[in-house]
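Both of the next two complexes hold chain A, though its partner changes from chain B to chain C.
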Partner chain A sequence: MKYKVREDGNVTIIDLSGKLMGGYDADVFRDLVHELIEKGRKKIVVNLAGIKWINSTGVGILITGYTTLRKNKGDLKLLNVSKKIESILYVTKLNLIFECFDDEHEATGSYTRG
Partner chain B sequence: MATSTLLASFYFICGAAIIFLAVMIMRFSSRNVSMWSTALVMLFAGIGPILGAIGVIIQRNLPEGTYLFENLVESFDYTWEFFFPALLLMALVYPRRYAIWKYLRRFTFILFLPHVFHLLMVLFLVNRGNPARLFNWVADLPVPSSVLATYTNSLSKSLNVFSELLFKAHNQLFSLVNVMYAVLAIILLAIAMRGDLTPRQRRQTQIMLAGLGIAIVTYSFARVIPYLMAMDIDRAIAAALVNASLIIGGGSIAYVILKYQFIDVRLIARKGLFCAVTAAVFALFYLIIIKQFTRFILTYTGTELEFIETLLIVLFVIAFQPVLIRLEEWTERALMREESPRVKLRNLSNELLTAVDAESMKERMKEVLSEVFQTDDVEVIFRDEILDLKDEEIYAGKVLELLEQVGEPVGRLDFMEALGFMRVRRGIFRPGRKLIREAVDTLPGIVKHMASHELIVPVIHDGECVAVLLLGEKRDGGRYSMQQQAMISMLSNQVAASLSRMELLKEVVEKKVMEEELNIARTIQLNLLPSSPPELENYEAAALSISSKQVGGDYYDFIRNGRYFAFTVADVSGKGVPASLLMASLQASLRAMKDRMTDPVAVIGRLNDVMCEITSTDKFATMFYGCVDLERNEVAYSNAGHFFPVIVRNGGNVELLDYSGLILGVKPGFPYETRKTKFRPGDMIVVTTDGVTEAENRAGELYGEERLHPFLASLHGSSAGEVKDAIVNEVNRFSHPVGANDDLTVLVVKRKS
Partner chain C sequence: MAEETFVLEFPSSYKWLNMIDLMCTEITAGMDFGRNALNEISISVIEACTNALEHGNKCCPDRSVMVVFRRLEDRIVIEVTDCGEGFDFADYLQHIPDPSDIHKKRGRGIFIMKAMMDTLKYEKVEKGGMKVILKKMTDRGGEEGDE
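Then we have the complex of A and B:
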């Protein structure tokens, strides 16, 4: 997994790419989220456009980020969820938890509206 | 005569000691202008008494009435009188460097010009030149006409008169010039005293001022006062007074140097002994071998071959070089007492070699370094400690970067300047301590802390500054000599090696601990998983869990209670002991639900609440739970985010148990649902974890449901155990030779046909 962090106003966009599969990635992503929270950037959009594959641990990674942010009065939304990932989100019913977007403006805009 | 001999011996010893010290200083600190000017003063101060003493000793062997003593001293005046310009030079650069030095440094010789002139004149007189005839040559110039010759004649005469006057005046007045030089030097020292000096410098200057003051008074009594008062003074007494003034002046400087340790006294003692031994060896060799040899040649050849003696001496010097080196080593060792700082440092660096704990190493270093370098303030800071100072991240990084670049001990001034906190005006006065302290007070935290120490010593390993040693101001206010800086620099290398060794050791230990932890986790897990499925009349069950790593996150279980048979497969996030403990708590909660095991929603809902109660944010699990009513042949199930299990009907039809709720541990009270399906003879339920569908082959393709489902369909006639084994084999076959990269769990429950 590789990541890039961008900012759009007060919303932080994390572009993920590669495979999102447990182990080391979990630590990296958790640290990243903690770092952003410390900086006060709690409105996060995770862009999954570059993610080729995700497994249950990978889903765990996203959930960890989500719950951590919610505890700190922030939120984590998903952008560009592929069919494959969507099916996993559906099985795990995380589609009920995560707000998903196909358009970046919509995703960032959802924060300002809400 | 006896008194004068005694005095001469005393003068000789004093003069020799002062010269010896001067030579030592020149040998070891020749680059520092204040040091070499001091050495110069001492050198000239030492020459006077030695020459005087030699004069006295020689005179004893001369017939009565010849006064070589004072003649000798006086004829060598031109040598030792350089004491005065040297003194002025020293006063210009020590204890403070006067601004004028910047312009003067290239023209230092100007200070010496009067004395050079004096030297030339004395040489002229010693060679029996007569100033009254100095310009006779002007009259002898070949001129074309006699008229011109009268001019040259009278010019020559008037020049001669002028030169005679000049010489006479000079003879009388040169002592005055010397006194003026000395007074000027004293004034400069006194002005410097009023400036910002360390207590140590102040004391040094005081002693020097007192010594020089007495010296000047003594000198004036010998030379200036008799002249001004038109008194006649006994030449011997005058010479004795002059020498006394030189010894007092030079001696006070020598005293300052020894007392305040400009140079290591032990080193001087060692070198002194070494020189003495070397000289003795030379002398012995010369007397015993070379002299005898040349005498031998003289006896047998009748001619004295002087060049042979010289040749032999040269050969001897060359051949004995290795011996000399040994000798020097030997004197070093013989004089290296247990207590010397050098030995303490050596012992410390030996201790560092075997140190295993960074904190105790720190304490030990503080202890030894504060003793060796005579300071109360020694600190050792590790890289992590510097980087942990969150508020000062920028400075910490900057400081470390700078120290990595410098790589050797750096003084606080250079340190602050390099970081851009202070502009040091070079060439004029170096900023005083008070000024430095004021500047330091305005610095940000970490920089301030470091700069409040005199010397900042980076400990570099692999180009990275892994620690910093800080040495505070010395108790006596002195500076760290180049030698000491070199010592501490060497020690810092030792520290670097020691730290990296400790780091390695720590890694080994941590790895060991982690292996141990994994073993514990593995044991917990193995104990959690049922060793064999329960025996059932019409049903059969089989399960297998394989971890790709030592400890996986997969869990399965069977519970039998009367007519009910429950089975579950879970995939817990994380790994190691935490994951194992999570599994254990899941199992405990599950077993505690035995009374309500027929109600999947109650079970899954309860487990979800348990998971949500665990405060850690990264604890999740997916879970499938099914309960078979063995009498009604019906399975009730619920699912928390787990991979959809498959029911393979007797005919080979594959159906998905496609209900799923939210994974466990995200949202307490999530409304899970129960689904039911009939269990007909020959039907089997296969629950897997994603290790099956995510098995990857060499081409990077995933096994996937599209391969799994037809494969399961083909197995519809097999027993539970066979199905389980077949799936595992199939996955291994598919992923060969890449190998499974995830945990793989297969659970099969089949109704016998």
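Then we have the complex of A and C:
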């Protein structure tokens, strides 16, 4: 997994790419979320457009990020969820937990509306 | 179509999972599966291999995972075998965790495979290890529930 971090106002966008399948990825993403929380950046949009492969462990990584941010009065929303990821979220009913968007402006704007 | 069998053995590392996915895509290409079904097969194979290398082989690179694809006229059958100690699948099914529980980091793989495939079976292998058998009927293959 690779990532890039961008900012749009008070919203932080994490562009993920490659494989999200556990192992080292879990540590990298957890550390990134903690680093952002320490900087006061708690409104996160994770852009999954570049993710080619994901499994349930990868989804678990996103959930850990979500719960960490929620405990710190933040939030994590998903952008550009592929059909495969959507199927995993749907089957596990995690689609009811994650807010998902197809449009970046809508995703970042949802924080100001919320 | 006569049965065609494809066998692949790989060390316990996440880096090989994309190769398994590509192989799965090639093998199922041309079969009577819709796009959603193809995604479900791909996701399930990745889940089975992830469980094998994480829970079965404890990510030990000296232990391998064997994947067998059997392509038939009306179905695809995939067997994934690890070198672990195995577990009681019937007992697990009695206590299957809620996949929507956000406090659980793991434990969704079996639930996902069960939901996406027509048949999901686990068997202990005599010489050691656990084999998961996944089956999905093609659109022409009719309905077939869990065995």
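Methods note: the second predicted complex is superposed on the first by the 114 of 114 C-alpha atoms of A that agree within 3 Å, B and C clash if a C-alpha of one lies under 4 Å from a C-alpha of the other, contacts with A are read in each partner's own complex, and residues count from 1 in each chain.
The rule is short, and it goes like this: a contact is a pair of C-beta atoms (placed from the backbone, for glycine too) under 8 Å apart; a residue touches a chain by one contact, two chains touch by 3 or more.
Here the structure is a predicted model, which means the values were calculated and not measured.
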Fill in: Combined model on chain A: chain C and chain B, fit or clash
clash
Worksheet item: Should A:64 be classified as contacting the first partner (chain B), the second (chain C), both, or neither?
Response: both
Item to complete: Pick one for A:91: touches chain B only (first), chain C only (second), both, or neither.
Response: both
Discussion item. Applying the document's definition of touch, where does A:19 land relative to chain B and chain C: first, second, both, or neither?
Written reply: second
Discussion item. Going by the contact rule set out at the top, does A:83 touch chain B (first), chain C (second), both, or neither?
Written reply: second
Discussion item. Between chain B and chain C, whom does A:30 touch in the aligned arrangement: first, second, both, or neither?
Written reply: first
Fill in: Stretch of chain B, among 238-246, 256-264, 490-498 or 706-714, that runs into chain C once the two complexes are superposed
706-714
Discussion item. Please report the chain A residues shared by its interface with chain B and its interface with chain C.
Written reply: 23, 53, 55-57, 59-60, 63-64, 66-67, 91-94, 96-97
Fill in: Complex contacts: residues of chain C adjacent to chain A
14, 17-18, 21, 35-36, 39-40, 42-43, 46-47, 50, 54, 59, 99-100, 102-106, 108-109, 111-112, 115-116
Worksheet entry | Residue numbers on chain A that touch chain C, as the complex places them | 19, 21-23, 52-53, 55-57, 59-60, 63-64, 66-67, 83-84, 87-88, 91-94, 96-97
Worksheet item: If you look only at chain A, which of its residues touch chain B in the complex?
Response: 23, 26, 30, 53, 55-57, 59-60, 63-64, 66-68, 71, 90-94, 96-97
Worksheet item: Hey, which residues of chain B end up touching chain A in the complex?
Response: 553, 571, 573-575, 617-618, 620, 622, 641-644, 660-663, 666-667, 670, 689-690, 694, 702, 742
